[in-house]
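When the chains are written out, they are named A, B, C, D, E and F in that same order, and each has its own residue count from 1.
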Amino acid sequence: MFFHRQELQFKASPERPDAVYARKLQEVLGGQYGEITVAMQYMFQGWNMHVPGKYRDLVFGIGSEEFGHVEMLATMIARLLEKAPLGITKDAVQEDPTVAAVIGGTDVQHAIVAGAGVRPVDSMGNPWQGTYITASGNLLADFTANANAEMQGRVQVARLYHMTDDHGVRDLLAFLLARDTAHQNQWMAAAAELREKGIEDYPVPSNFPQSKEHAEVSYQYLNFSDGKQAGHGPWASGTTPDGKGEFSYYDGPTTSAPMPPPTHPDARFYGTTDLPNVVEKVAGSVQDKLKKE
Amino acid sequence: MFFHRQELQFKASPERPDAVYARKLQEVLGGQYGEITVAMQYMFQGWNMHVPGKYRDLVFGIGSEEFGHVEMLATMIARLLEKAPLGITKDAVQEDPTVAAVIGGTDVQHAIVAGAGVRPVDSMGNPWQGTYITASGNLLADFTANANAEMQGRVQVARLYHMTDDHGVRDLLAFLLARDTAHQNQWMAAAAELREKGIEDYPVPSNFPQSKEHAEVSYQYLNFSDGKQAGHGPWASGTTPDGKGEFSYYDGPTTSAPMPPPTHPDARFYGTTDLPNVVEKVAGSVQDKLKKE
Amino acid sequence: MFFHRQELQFKASPERPDAVYARKLQEVLGGQYGEITVAMQYMFQGWNMHVPGKYRDLVFGIGSEEFGHVEMLATMIARLLEKAPLGITKDAVQEDPTVAAVIGGTDVQHAIVAGAGVRPVDSMGNPWQGTYITASGNLLADFTANANAEMQGRVQVARLYHMTDDHGVRDLLAFLLARDTAHQNQWMAAAAELREKGIEDYPVPSNFPQSKEHAEVSYQYLNFSDGKQAGHGPWASGTTPDGKGEFSYYDGPTTSAPMPPPTHPDARFYGTTDLPNVVEKVAGSVQDKLKKE
Amino acid sequence: MFFHRQELQFKASPERPDAVYARKLQEVLGGQYGEITVAMQYMFQGWNMHVPGKYRDLVFGIGSEEFGHVEMLATMIARLLEKAPLGITKDAVQEDPTVAAVIGGTDVQHAIVAGAGVRPVDSMGNPWQGTYITASGNLLADFTANANAEMQGRVQVARLYHMTDDHGVRDLLAFLLARDTAHQNQWMAAAAELREKGIEDYPVPSNFPQSKEHAEVSYQYLNFSDGKQAGHGPWASGTTPDGKGEFSYYDGPTTSAPMPPPTHPDARFYGTTDLPNVVEKVAGSVQDKLKKE
Amino acid sequence: MFFHRQELQFKASPERPDAVYARKLQEVLGGQYGEITVAMQYMFQGWNMHVPGKYRDLVFGIGSEEFGHVEMLATMIARLLEKAPLGITKDAVQEDPTVAAVIGGTDVQHAIVAGAGVRPVDSMGNPWQGTYITASGNLLADFTANANAEMQGRVQVARLYHMTDDHGVRDLLAFLLARDTAHQNQWMAAAAELREKGIEDYPVPSNFPQSKEHAEVSYQYLNFSDGKQAGHGPWASGTTPDGKGEFSYYDGPTTSAPMPPPTHPDARFYGTTDLPNVVEKVAGSVQDKLKKE
Amino acid sequence: MFFHRQELQFKASPERPDAVYARKLQEVLGGQYGEITVAMQYMFQGWNMHVPGKYRDLVFGIGSEEFGHVEMLATMIARLLEKAPLGITKDAVQEDPTVAAVIGGTDVQHAIVAGAGVRPVDSMGNPWQGTYITASGNLLADFTANANAEMQGRVQVARLYHMTDDHGVRDLLAFLLARDTAHQNQWMAAAAELREKGIEDYPVPSNFPQSKEHAEVSYQYLNFSDGKQAGHGPWASGTTPDGKGEFSYYDGPTTSAPMPPPTHPDARFYGTTDLPNVVEKVAGSVQDKLKKE
């Protein structure tokens, strides 16, 4: 169960309207790595969790905070839009290039659909979607996904920080950057503990018996491009991070198999197949000949 | 430039047809974490790379291999479908429950759209899409995304391994599992090197001046759920993974701001606002009264 | 801010595993009118609200409950999947038609992607998306959208009720049906109050001056089909629900305008336009003639 | 069957080109609540109708008109684009900020893909999609959906009215506003009749036996937020709109169930489960010890 | 304007219910090449047409027929579903494998969302979307798109013909196959006339001055794969179909350019760039040293 | 297998930054008819090919080249973005209309998500998706799809050519235009050969026995619009392109069937049906009466 309190975790008060920036801010609300994504991702991980106790408490604890971040950004976006010119003016808006310039950069659905309100979309207007989230049930994989999400998110917030000089907006971003720092570190700490305690390990999933995989290629770097320096990194020689092998380097593949012949499905799929047609053609031309004779 | 060779990296030869399994295998071809995703993700990272040399060589080298994995899986799926019952039979297919059971589990577009061919979709028929990939230009974030993709992918292949006993299919999966092992390790090795060499560090992006973030909450674990054990992990006390702080634990938020008042945009957005209406209503009823008198 | 409590509003305990039903239940979790939709819709309406006080309290109050419904359904789905056959068996699953029949009806991503976990998708595997929600800022329109969402949702839950005889599942659905009854009534009560208090009225938006619309067609029923009984309803005669007009009935349109001539954009769009081509063609054939001579 | 007549229901003649406005107008053509949506929605309701006679005639009658509205808007958009600057100019377009401002606000696919033509998308370029429509077979639910669609649509057209001062465009919008007024009223009249005649009633679906739902919570307002005024509306006390109950108000839930324990699916899904790992780990370390000895 | 007549162009009467087939039939209603696609495609081409007269009459004439095909298929699907088992039965449906098999192959939204009704989706449940259509304004390109659409559609209907032995269904498909034959031929006839009359020609767009393209590679076949027979077709030697060149064959590219150096955007995008980091790192370690001293 | 070479097929060097144009160029990279589409389409056709030899060599040969075109465009876009103003400036960007104008026209995800990098999307920011491609297994249909894709693509590149005067960009477009010329011709040459050799013919699929279709309507032009000139083209009279019939012209349909009665599904779908309700209502009121007595 969720309980809502009509307070924000941090103030969301812009100094002045800015509809173009409001549109940009949608990215970290409703984008691939926005707050809706992390909120939903952590909660779904909780609902799919197979371990009671602290790991489930962790994903629920952070996930619920993220819903509050959705609220802070939604509030900020609505306030940035409140008094901004959004296309409704006394006369034809397009005639003044200055205003038109601003309008050009807005999410026009902010005005037409939401009436100067926030939308569940990214900065290009793509609706948020369920495919943005990851909840596999494997905690080392999922905590890595979470660390990535917080990294990508923090990079985006850092970029947005430099796209405005509104102190109110920057203040909220400074808060979000700090929380991203916290969460990024937390997922890495949690992932490390999973390995230390032997609950899960590299390569994920560590329980799958590696004896069943084609172990001869498990630690080879096969370079399918012609970049000469690809062999000079820790991915091409030395002990592997999972501690179970040694990297080796090869230009291109170490294995190969001939391309199998094309498939010939049932003729009633009406794909183009050679033999039937040829047979038919031959039969047809024989018939034609007979007719002519 | 890409050059194609009509050979496979590993043989893709099923023992027998299996249209239901072909549909499942679509997940690791065209799903969120399928081979199309990693192939495209690594190449876009290469095209967005800001560093010449070994890192770019690395993403190009692995990315190009992954396109070959797309090809192996596509070939396997087409062969699994080749002789499988796909709904085209002499008589009404639905009358035989055994056949219907099989048909029920297939991707019916395999038959209707592709004529017993492979499709650029996941195991539920959702088309592959560009939002599955990540290429931010920040290498530590992106290599973490790559490690996650290889982990999720290897988990899925491991699950699929147990959903068939076709030795030909399992042989290909055993090869893919090994390559996932290799790539998973390689991205972690590359990420580690970025940190060791100081090219990038935690928290990502490490260049953003942390002095600008609200540092008082940068290492707090704020528990917005009521799970009692959430404070008993390495994410709630001890040195943080970035080495720059100490975790502390709190039940709920340490900061708060009042919910701002609602916005009142231009009346011509026809949102519901209280005051104007009341004023209007009052004015209206006065007019009405006057008219009646 | 949202606070999560590790309790459910109602128990989510199936009597037995049922993966096919789990997939069906996804509809009211992640479908167009599922619980994610209503939860997000009401919260976005709150963030876009222009009126302080009871209406905003109302959408926040119900919206937050709906997030708890998401949790109950997610929990139920995960439990329905826990021990269900999902394709992982000792031998080839497809050989047993009974099992295959069950597998055929499942969401195969439940197994492959989520490892017997719930997913943010509908019953056909389409991911939840932001376009499912409505938050225009106009409360009479939005409360009507809410009433519709609760009606569609209750119809779907009622249908699902008859698709299982698991008492545990039915018990949860009986709870959800009751809450849908409550919410459906609440949105209608709230909508009625908006009209009674003159805050908003039909036609929505009531503030737009109707003098500006083409009033001659504002209350006409224009029948563009040939159904003979279309004129025999309260939509074709009598006073209109907004109390501002009388319906009248017409076979087909009462107005008409000639189709305008085709557009002729800049030739460098390379669309097919007649005149330029003809001119060019004529010029070309003249040149050809001259050359030949 | 549909028959097309090369006439418009109302003239679609802008005074002057305006590509930025053309893009905005796409919303009411191809957006969530645009004309394609209502046209398709009413026709699908007709094809899914279970009642012969006047209700089917009604949805067919209005649905067919809406396809004509699609045509009027498509024509208007093409004409707004005909002579507008769309990026094709003698010299580099971006150098002149005035022109660039206009270009900035356009749908660039109008130029690149459609050659100054209309597109089946909304104002942010998202393609129209089938999920926008509703046709459940329950007429009271569906007519409520229709009323909502006409309300949202009329709000959007009213907003667009103030975003231009082109008299030709406004003239068409004035016509559409009037038709929206008509249709909005008609769906409400039809919905009211369904209730009056006892064909369907609140709560929808009225045939589902309410004795089967958890009636103790059917008319409770459970406030999951802390807004103090949520209890002061007609949704929290008094007779319910369906006439079958009395609303009562509660702070938070009136029921509760403990969160069930996490699920433990088959180990071959490679989710993270505690016990197996611990067992394995213990077994492993015992083995290690034995080996060392 | 469109006028609807409550008649079908051909009867849509199945012999018996078949929900699995109903789901398959959705492909040619709401799929990439289904009837909604061609109906919308031809009408949008009409609205984007730049030529008055017979070509516009042609696209309107066929487009309007296609909306009637949508109606026939929608009617057929609803009737196939009418009495079919769709999951609602007295007892638990999954216990009977025969019924379960059938249920497994259905579109479960047919039951849950539409109440045994048709849906605007394809055979895998993906909603129809605007990106399926093509209307560029260039008639030779668009008529080729139309020919392709009718070919793909006819292939799909032919496949579906063999997936049922219901005479009523086959009768309707036989009608649609004939109309596809007609339309396929018509678009090719129209395309041929465009070339004959010099209105448009190959390469499309023929008005673009070929002198501006890199003519040295305009008729080369560059084989980027290693298939030995690729040079033995009419695409590798002989006169080109546009009559303007001779094909020539090459193994691989005839041109090449060095890969440009990586980009170095503004540092505040926080991408990973080498030099700044090294500089910073050096500066940092110098500072560290100084501090320590 | 694919091998990558770190060279471009043609140089991708803009004269100067241009973020607005970079966004436009995304269309031919990641749009419906962009290079990702043709690359993927031809490769999937190869993997679904049922004929060994030259046709498969052909699709592999061209498909692999197209991946190199993806790379050239991706490189060009990244370079156009490298030094362009993308919203990160010393002070508030929106205050300068000249800069704002430019920003207004950009893909803001270029900056926020990709850090001045290229994205797998079209010019309106819609992600590339698998539904853009066609691979039916029928070669005459698919080669027609390919010809269409190359035509639409060349039209778009020609339009883009006039939207810039950057010689570096135009040089690359001139190269792509030439390759589109080549490929457009090649698919037509290949399609023609299929017909000449009798491998496939019109109407596609030519193997389906036309005796089974309703031949009486196979060559009729049925005009469902009222355009008077629709009968004056080669699609309305004369021999049909497949050489198997004569076109004939009709105003409207030549066949008709009554609209079937509405369906009446199981009452537990809670659709609105007339009779059951009336019966139930009557029964109910009788019961009510009895109770009262």
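The rule we apply is simple: a contact is a pair of C-beta atoms (placed from the backbone, for glycine too) under 8 Å apart; a residue touches a chain by one contact, two chains touch by 3 or more.
Here the structure is a predicted model, which is why all the values come from computation and not from measurement.
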Set of chains adjacent to chain A and to chain E: B, C, D, F
Between the pairs A-F and E-F, the one where more C-beta pairs touch: E-F
Averaged-CA centre spacing for the pair chain D and chain B, given as whole angstrom: 26
Whole-Å separation of chain centres (CA-atom averages), chain D against chain E: 25
Computed distance of Cα centres, chain B from chain A, in Å: 5
Junction residues of chain C, two or more chains touched: 1-9, 32, 48, 53, 55-57, 60-61, 63-64, 68, 75, 78, 88, 97-98, 100-101, 103-105, 111, 113, 115-117, 121, 124-127, 129, 131, 136-138, 140, 155-156, 158-159, 162, 205, 208, 224-225, 227, 253, 256, 263-265, 268-271
Interface residues, chain A side, partner chain F - complex: 18, 20-21, 23-24, 27, 31-32, 97-98, 100-105, 122-126, 155-156, 159-160, 162-166, 224-227, 252-253, 256, 261-265, 267, 269-274, 276-277, 280-281, 284
For the chain E and chain A complex, residues of the former touching the latter: 155, 158-159, 162, 268-270
Parts of chain B lying in touch with chain F, wherever the complex brings them together: 1-9, 30, 40, 43-44, 47-48, 57, 60-61, 63-64, 67-68, 70-71, 74-75, 78, 113-121, 127-131, 133, 135-138
Touch list for chain F against partner chain A, complex: 1-6, 48-53, 55-56, 87-89, 91-94, 97-98, 100-101, 103-105, 107-109, 111-113, 115, 121, 124-127, 136-140, 194, 197-200, 205, 207-208
Interfacial residue positions of chain B with respect to chain A in the complex: 6-13, 32, 53-58, 60-65, 68, 75, 78-79, 81-83, 86, 88, 111, 115-117, 126, 129, 131-132, 134, 136, 138, 140-141, 144-145, 147-148, 151-152, 154-156, 158, 161, 174-175, 177-182, 184-190, 192-193, 202-205, 208, 210, 212-225, 227-230, 232-235, 238, 240-242, 245, 247, 253, 255-260, 263-266, 268-271
